[in-house]
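Common to both upcoming complexes is chain A, partnered first by chain B, then by chain C.
Take a look at the complex of A and B:
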């Protein structure tokens, strides 16, 4: 009743492809594209990124006029002054319903115009990070070249979009840190990289996964190019220490790590969370999972006995999770959690505050941590600079 | 940019940051004491939900998110009843009406909404139900979403005895401004109650709109609603869509005189004529003053600001203004003449489809041009942007006077477009 639906899969795709000089077409009637351009893309005003709606109408759907879609794309492609690096054709609820073959359409179009084309089966039923994953993997599969040599401290950033990082200095802050630590940033999926950078991504010795959306590509690159990864970001001064240590460890051992992950055993967990155990604090981080685990890792550098649970509102990636981190599929799960558990601190997008029952509000400190995939433009100017040294989520 | 009818070919669509309107949720919220439930894939609800927070009516809206299996299996009727039941149990104050929204996929799934409405009325007898559509897939149909939503809102009205002293204004999202001469003219015609849905304080007042003697269709988006009310509850209608053309305005008042004032006294007729003459003179003066001030600055007009952009452009051209371009879809039947006149006379006029991919290429810098409407302003980078959306508050000579005053004001005090857009809160 209270929370808006989260940013959908096609927004994740569009966000990930925004800077790569392709043409992205959402096969929809208008509302889906409007969701992305108006609510999930803070870069839209003033941009010339070629993200279009196919203008799907009822008769197109009934008659399955895929050829018309291809013709429309060809016209735009021909009229474009700058070169088109690729064309991505995305699904939405109606194409899903009528069984449109997005990959088939893309393949047919590619045969006709000889420009790389991708069909991506987004449908508006899934969350944005699945779209980021889909897009980054599609781009990597197509454009990353087999490396002749490796760069000693070469690193890629995977899963970075404004949906998770906003448009403040977060992305730049993270890159500056990596440079400070002596890393050579080869490519950044998907803020501030060109297809040329991406082509060289396999020269890296390590990948840094900065959101759930980057995990799929990291696993694929580990398998295909034997590049290990670290999942995590540096949140504040203590986060820097954690991330740097983890990266160095991963680089040295050429093995993947998740930032700050405790290998809890069930009995330890239960001991730590038992209601009679006198813990200093119980903290719930509701949000994106990589941000959550990174915040927890940073916090534990100072307060190792506090219990921090991650409420995975965008779905739980088991590899990232510790025992006790919970998937919260919708608003009712969050409400149930608030009713059954007692937290001293809740860190979440401001729209979650309303879900805390009245009787618990007095004893629960609510820390606002806006996320664009939840509250969109309502708070996108208030996303904190969470990478910079002085960041502390709450005091 | 092309000119002539060939510029309206099918194309991929660009969504300008200046594109949008009230959105279905906000329009539906006009029904007092109502509550909305959306039955849709999660993504379809996002823009409406965010906007409802921004416009502060989130507590009148709920969502039932369909899952892929609901769509694949082709039916989720049972969930509709369950969701209505759940929402009603949770609400402290029961709504008088529920607007149940479905989306594009329902048009293809063939959900039997009429049957569902009957069943809902049967099961929840104290509440009125209407199904509304947020289905841009039917934008090119005879009943596109902006018309359909109004059609479905007014479908809640039930037949009543008609009162001769009452009319409704239908189609316009905001009431006509109180200073408009329409009110006093109607008063002289014996009309005491001039209803608009947003002026109804509660659901009973809204239901009393069914007793109007005539519906005045102020915006073309009310077309389906007035026709339907004529058929179902017997309210005749007059099409008097907002115009800024003085000749058309004069004809509109003549039409209203014939329909509503056939029996009024000579004295009242004279009073009406006096008002019309006075206001017309004022309007003419305002147009002249505005032309003197802004001179030959090129003007763009877009259909987000006014329902009849070609008509406005043709009028302004005749008054000596320099019309540079129009951002609009194909002209409606009522505007074809204005369109053809413009294209014939203004050799270099630009006719631009607002969603054409080329409109994403903005001018490099701020230009000394004038835009009536946000979408034109965004692409052309006009220095002067008239803050008007959907003819809000406009009608008759008053509308012309207000438009001219607004043009002069924004010429003298240009406002940043981005700030205007942020404050307006357009919804896709």
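Take a look at the complex of A and C:
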């Protein structure tokens, strides 16, 4: 065992809701809440965000004491000094196993206290981006209003949390770029926006999806409000060129695009990956998929020739993937991949370095690219500013 | 799409009733999906003509990598059959198994693909835990009908199910549509059952008489509607199907 468990779905929900002045209750015995606050949330210490543990105990689970949970939440609501915009009630492994009805509990509570309540079926077995997706969609479904007008260069950012972007300048760097290109940022799910901004999100002409967690909301908004989306971020100078071109194309044609996506066919892929291929380098990006495809797009913008494969450690979204991008469900899949394939360069969280077999280390350059969902606080101060101009893809 | 859950005590005749209802609805021109929610996984046996593999069997066998075709099987007329299944007896959690099967059906888009006009969930009602209550919740069923006889244990189970439905009353979930009396020739059976039903805030919507033709049809692994379409029992099931639609359509 080399890796700690990745950040789970409830951490994704909490992270996405952190800034919106709601009450978030994780229905658990304490370990899940502690995992989120202690390991997945760099904003936690010193913050006033209301994330609570329900204190689930054996008899609560055995007897299904939903009413006690609701009473506890009411007490928190009454004692809270600042206004509560909403209440989110999250599941954890035990409620999932006994079939607790999180949505039903939320709906019943809302009738009693007249504050918007959401029940979210997190269970701790899914990866954080599923939680981000759940939370952002729940917030959008409840608070986004039908637009009376559209803003010509109005844009929303979807799927942005510190789990993927850290607390360095990445989020602000991306927003500055969009402003520089003349976009009007209406709302940013889920860093730096209020519910008032979110209510206006449907006025946008385009959505920018910056992580796997933002895809579900983008697809929902495309269907409901006819807003196309671009999935991608600007990684370095060449990434900027790529993203700007893609956004302008999507805005002009009102059509969705995935940054830098090649429609590879199977034979092209096999030719490129054959053992005698003549490409200069074979590169593996292990990590979050939107970061991976954006890094690849930036790299291609500059170099074009090397073969880059994305190892989707948080699950593969087929819409984002190219032929050859591989889902890697756990560390054993990564180890098998390293044993069977040869890479010149591996870009990944530092904790993955140990997984490269000794005999291959000498020939493989390992580029450290920390991700909070993998290594948590060990490296969260070392996440690079990957949006800024001087960030360069490896050559 | 009308979504109906049929609950009742184990052995009371839920699966026989549900399968015959599916066949009767099919004869009326509806596309029907019957979902067996019992670890025994034999709800649809007479509708499909054989015991189909359950969702949990397939998940176990194929390591979670399954398709719609692995779990949905055609039955008599325009019916489709799914069995949720259960864990190995003695271990695991049967209730959680139902939830997993339901989640898998949603994930695979079973309802969108087969587009049934009517969905019938056939649910074991002896244990009303979070898993076996799943068909009542979150929009799975619009109405619950309880199969019972006049026997005390059957009425006790019916009362538990009615209690669970009332528990969910504030959550806008399934409503109790009524009782189906599957007669066991108990003395004063109708009166006893109707009194109990009223105490549960309900009433009997139809009676299914006891008749040996049911066993004859089962011996052929068929529903009564398929095996003996002109029999009085077939008419009873067709009558029940109409009554259920009347309740569901208000």
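Remarks
In this section, the second predicted complex is superposed on the first by the 392 of 395 C-alpha atoms of A that agree within 3 Å, B and C clash if a C-alpha of one lies under 4 Å from a C-alpha of the other, contacts with A are read in each partner's own complex, and residues count from 1 in each chain.
Everything that follows uses one rule, which is that a contact is a pair of C-beta atoms (placed from the backbone, for glycine too) under 8 Å apart; a residue touches a chain by one contact, two chains touch by 3 or more.
Not measured: the values here are computed from a predicted model.
Once chain A of one complex is fitted onto chain A of the other, the partner contacts of A:44 are limited to chain B, with no touch recorded for chain C. In the superposed model, A:57 makes contact with chain B only, not with chain C.
Of the two partner chains placed by superposition, only chain B is touched by A:123; chain C is not. Which of chain B and chain C touches more residues of chain A: that partner is B. Residue contacts after overlaying the shared chain place A:97 against chain B and chain C alike. After overlaying the two complexes on the shared chain, residue contacts for A:301 are found with neither chain B nor chain C. Using the contact criterion defined above for the overlaid structures, shared-chain residue A:107 touches chain C, although it does not reach chain B.
Overlap of the chain B and chain C contact sets on chain A: residues 97-98.
Note for the complex: chain A touches chain C at residues 64, 97-101, 103-104, 107-108, 111. Contact residues of chain B toward chain A in the complex are 10-15, 17, 19-20, 41-47, 49-50, 53-54, 58, 62-63, 65-68, 71, 87, 90, 103-105, 107-109, 134-141, 355, 357-358, 360-362, 418, 426-428. Listed in rising order, the residues of chain A touching chain B in the complex are 1-10, 25, 29-35, 37-40, 44-46, 48, 50-58, 61-62, 68, 72-73, 75-76, 79, 92-94, 96-98, 123-125, 330, 351, 375-378. Those residues of chain C that touch chain A in the complex are listed here as 93, 95-96, 99, 129-131, 133-134, 137-138, 168, 170-173.
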